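Order as written gives the chain letters A, B, C, D, E and F; numbering starts at 1 within each chain.
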């Protein structure tokens, strides 16, 4: 039923509700299989929400996204990209995690992505809460140096500490990443930021480091095309990561998340924004904060799976084009 | 409580949660009642989802839409049309169906609409999955010849076959209808099309037959008014059917459906589009793919009932105006 | 954990899911506590839905809004207003109500707001169905005379009577308020009106009294800025009340409500509209018709809590500025 | 599809999800139809919850029970009774109600049952909250004098007053009925009583009047057979009414109710108890307090519909046997 | 993380919410893998509900059971059996199905089980609706001749035809199986039968063929131990199949099913009954009618997974004991 | 509305859905209020689930139990105990917690209970996951020495370690408590234990220490009365704690929990068991593992609140009787 070892099983042969649920119906490739060496893009689950300060549940995100991602098809109607035709894609399973030890989990997750990097596989991850981006960036920076980032979110996630000084939560990953030198703030753009602040100075730190913050009001003033242009300008030609927190979207599109904020992006706006990243030097991405226990209709997981497909399209396009001259050389 | 035999019961007298649930609180008229001859527009349930390739449940659509349709009132605020004042409308009940035999069901459904046609009743149907449009079109074409269609959907539903050659599913009705000569592709427009494709060539067949496809991106480029103009131009003055698949809408408006695709129409856009059909030569319509088991808040049924009311308004306007010269003659 | 007696408890110290749920994590001040005299703005629950003609449940609104309002933070990112820094805000608990006697409930509610008025506390209430605005307006008018109102709603709520002449329902409060002289129709604007009508003449009464009705189509024709200007012009400089029925919003944002109508405002539009009221002479407000039993995802309560925060910001700004010259004098 | 004018439509011909939902798929007979004179047992909806002191929603009970009651079949496997073969049964629709006026509603409901009595139709009602039993008993007593009652409930519903003296709530119907002389306490038995009390003396009033209270602990001590014997002894040979509040059941069987109490009856125990009433002189019954908004799985409505069928079986048996000698005479 | 190629992954190493969801966390073995030859018991999904006459959704059963079955552990506390220690167990994936063609699906399913039989693998299947048992029995009978069956259900599923003579629905599999000679009625026992009948003669056919029907009342009269004894007596020493329809259970335990009937078995009774089958000559089993769309809490899938584990324990015990003398020989 | 400073607000005056939600509508007393010295029993929330190895959400337990506990009344109908009449009871709010640091949370929780002990207040806590019992026992043991325990649960929670040696999870609290000498295994009884095991030796450790384990099968063999006798014998006359994990109950009663196991206790059995503890030397108790995100109907919270009331009754009885001679002395 699979026309090629790395192609999704088609729903016109095996119904979409049938079969083992892997991400986008891709083959499952374990890290110790030789086949890993042929993989260009690895889809990975990071089932962990130990950094969540309010409503938990994102640990269940990868499995629900796997389930609903069986509804995804092959060709992006808007861009014409068929990622499975231009890159070898596979589901690499879930990273190891430890639900009762935060620091141990960060180490286990980083180790998994170190292994992927070693096989030259670009990661596209499904969280998990947003703290999972930190160990991913750590792993990526070992290869690429400090990376740039297009970051979709309602929150800047550059808070310093919670609960009397605790430094690692899903509100702090990008402050830590900048402090550690794995994320380049001058090549980072944040889109969709909104919601009330704890205090007036809350968001100044990131901007002081050079992050370009486009909050929801500026997004609407500029319009999608100008925001894309601004994002492209900010990240430039360097290695760039795409991080998509589903709470960037209005909670009607993504109620199943830990910290919803009303007044957010529509999915169509988000799709256009991601499509606008085509041609950047992309090295990986993630979709985080899908929390099934707060998602009675399942739409959040559908949105998460579809946004992952949109990221996959521009990522595959970028990788396949980088590879051509390399192979030609 | 009914001021006229064909008027809805008003909620200012009998609370909307009270009483037997009929479509829009209209009288129930069985096909064997003489009263059928006085009916101009028959609201019909088609409780069948045997053509569904993924998530079933649309068989429960008519009953849930009946329930929530008791919240519908009489006068369209935007257009001023009161359909119940200008046409005799009635709930004709459900068509017979056979949940375990697809071909038998198609025959039973077609037979029901043959009877309605014989009484010169224009049908407005509540599905059921989208395959139910095929037997309706077959029945209508017996009287009107190949009909034109304004088709709202995320999918073109002109796929050829599934599962090793099976020709009848909710992804194929309009290919069959065109092949059978009951639908005129050159007078057919599809609005809201989106979502990934199985392969690059998927949607070329319909367009090759002459269907005008306005996908979601073109919809946004043109804007509502231009899309209406284009749709009117395409269907022209011939007999025209309106088919509204609730998955044309973004899944936040209609999560209760079999094949949701993110990035769709808003209900307000859909309302404006349907209102823009006023003055066309309309002969019937349907609202399909409302699937209550996937609709935890019930909003999909509310949307389905309200869109049916919007279609009813333009249909009643069209019928009442056609009738005037006929009666004058 | 509270940095000031009237400041909210911060989520960076006590997690948002912890602690007793009060409105926006404010201190609870009973009407018989001396502390009431220091309160500028009193947040009040009115747990009553005895005026509901269709789907009940708004009696449970205050408690669910209290719960989810613990997610609200302090500073409005768009306007920069921190209401808790410029006014003393407190949760005054719930008004007394009688779930089995409508007229008794209206009297009990009015009495509660009389007490608040006596302490010069401006009320921001969480309903309850929309009939609760009537006793609030009665109490406010004793101090301010007939008040102006910016009213967000899908319905005009100026219907005369239901069920053979019964005058008090959640569809009639503003007709009664105008008849009683506690609401000034010439200083009242209604935004977001839509949905089918019972009959053609339904909405003429209010407009004949001078209400400026901006229905959803006019809202989209004018745009947010022009609607704000028109609303400001209509209410002028007199004492003005803000009433926000969550069914003004599209039901995807607020499914948990008694009488949803598709095709409504987005939350972002509503946020912009309320922010546009800054500078008016505001004396109080309410958010009504949050009905938890019809809100499976809880988003309606989140929307209600956030819109209450938006109203609080402009109300606190207005009060703090009025107080300055008074104090200077 | 109906083999006899008063027989249910069979699911082996018309699928159970199809067709207009009437109670047990019986014909709908309006009170002004001559056919009413042939009806032995009238199934009636009473869509009203104005007496509810806590969680509302029972006004939506009749419609949801109608929907799910289409799953009921004909022959009671345990007793062999086919009620539709021995009595003419019909759905008489809903009584008029007024959701915003308690006393008016009680009058409207009583008037409906007066009309039924006039046609010698025995009522089997679907509530609605438990206060609806009061106007039903008033109507029945006009014909039968003070009636006996087998009452299944978690609560005695013989409380005196709430909220500073208000006498009519769903916690008081049987105190009022006894005071008014329409219910004979010496021929009344209450089964399943449990839950904490407001105070020590709460339940003494009813027992002082002669009610036989079998609380849940005594129920388990005696066992089903002995409880049936005790109930039959208490009500004797006089005219007897059966009132079934679904909160008699454990809330796992009936979560969709206003005042659930853990530790209740199982449905199987309830079925056996009702079957044990065969042979009594039964004149009517009701199933009350089904509240759909609190019933996510719909099981409460299924339980309500099935218990209504169980009551219908013993009621039809009683009526058909009473009629025989009458007809023989 | 897997201590043996056929052992489940343990939750004390990989959290139960992590990793690809296979049945009971067993290895996935495709039919074309040589490893199949080492499998003793194959767990199989049959994602098909084309035989469902009322509420569909069981096609989604296998995937949801896979998800929740990751919570199952290894050792049956009551019996001490660790099925994974005594048999090689694997998840064989889902059978092919055709959601739009009933007869084609029956053929595809039968073909899958033919392949399993050829490898001498005993099947334990997760449905799907109950009609899937028919092709399984057809395949098993090719090897074993007419098999005996212990059948747990609310319904006998020996109805003849629906909808004007259609012979294949989920209400008819065992009539067909007996007619075809693949099921031996004299070695078949049905436990838990209840619910109203369409007519008096409905269930006589099966008993006339020799089926021993123990309805829910007889079950309670006999008690668990006597029912087990009676079931063992009826099926004797021949090859025996276990079919567990989750509607045998009371709908509070299994609301997610197509045709719930109140008054059913508890899960504990069902567990005791299945454990009582230890020592029979078991050749396979199934758990059917888990319908996720009607299962808001997910408990039905948990029950289905746990009952599958209970069946697996007695099946593995039977197989391992049969194998011993065979291997000794 | 409160007849005594420590009495609950009655629902016959303030409707149960109205007012701020405190545990059982008791007054809220902060640890720094002098009133604390008058409190006999402190109801405490412990909103923390950092020890959860599978499905999180118990951090939301205290708030939801507070909400639904407003339905609890005063007098235990079975035992006649009115705990509020014999002890001063208060809601002490929530303990501090740190959702992102397990060890820090254990320290914060223990500190809170140390303060309560200092004021001679007996704690009745609402979790939170079961690991919260460990810091509570640590605090209690400082005053009482190693305590005895009646423990209701599906699991023994005496596992050693998870995830490569991590010692603190909700599966290990009582192993740690015994190792630390704060729990006396020889005075500990565990009731309701069931579910499959990871391996054969899993539960031997606790029994080797002297714990009396009564698994679900022994519970049914002995019957409620004998189990009570055995539990009383095991714990004897020493200081005894009651720990009630809602997963002791069958998941139909408590679906909202992290690790449900089918085949559990009924609520009625649990109520009888707790009532059977009257007269023991009780010093505190808890109800844990209520996880609202997995509780669509809210019944788990109702069960949790009611079981807390049952424990409160026997605890208040014990405390009031101990106090009498002390006061007499």
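By our rule, a contact is a pair of C-beta atoms (placed from the backbone, for glycine too) under 8 Å apart; a residue touches a chain by one contact, two chains touch by 3 or more.
Predicted, not measured: the structure shown is a model, and the values here were computed from it.
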Shortest contact path, chain C to chain F, counted in steps: 1
Shared interface partners, meaning chains that touch chain B and chain E: A, D
Chain whose mean Cα position lies farthest from chain E: C
Greatest separation from chain B - chain, by CA centre: F
Centre-to-centre distance between chain E and chain D (centres being mean Cα positions), rounded to whole Å: 39
In chain C, residues with contacts to at least two other chains: 15, 17, 53-55, 59-60, 99, 162-164, 252, 294, 296-297
Interchain contacts (touch definition) - all pairs: A-B, A-C, A-E, A-F, B-C, B-D, B-E, C-D, C-F, D-E, D-F, E-F
Chain C-touching residues of chain F, taken from the complex the two chains share: 14-15, 17-22, 28, 45, 47, 59-60, 62-63, 66-67, 91, 93-94, 96-97, 99
Residue numbers on chain C that touch chain D, as the complex places them: 49-57, 59-60, 98-102, 104, 162-164, 166, 168-169, 293-294, 296
Residues of chain E that touch chain D when the two form their complex: 53-55, 159, 161-164, 193-200, 202, 215-217, 220, 250-252, 255-256, 259-264, 294-297
Residue ranges of chain E touching chain F (in the complex, touch as defined): 10-13, 15-17, 71-78, 80, 82, 252-253, 266-268, 271, 296-299, 302-303, 306, 309
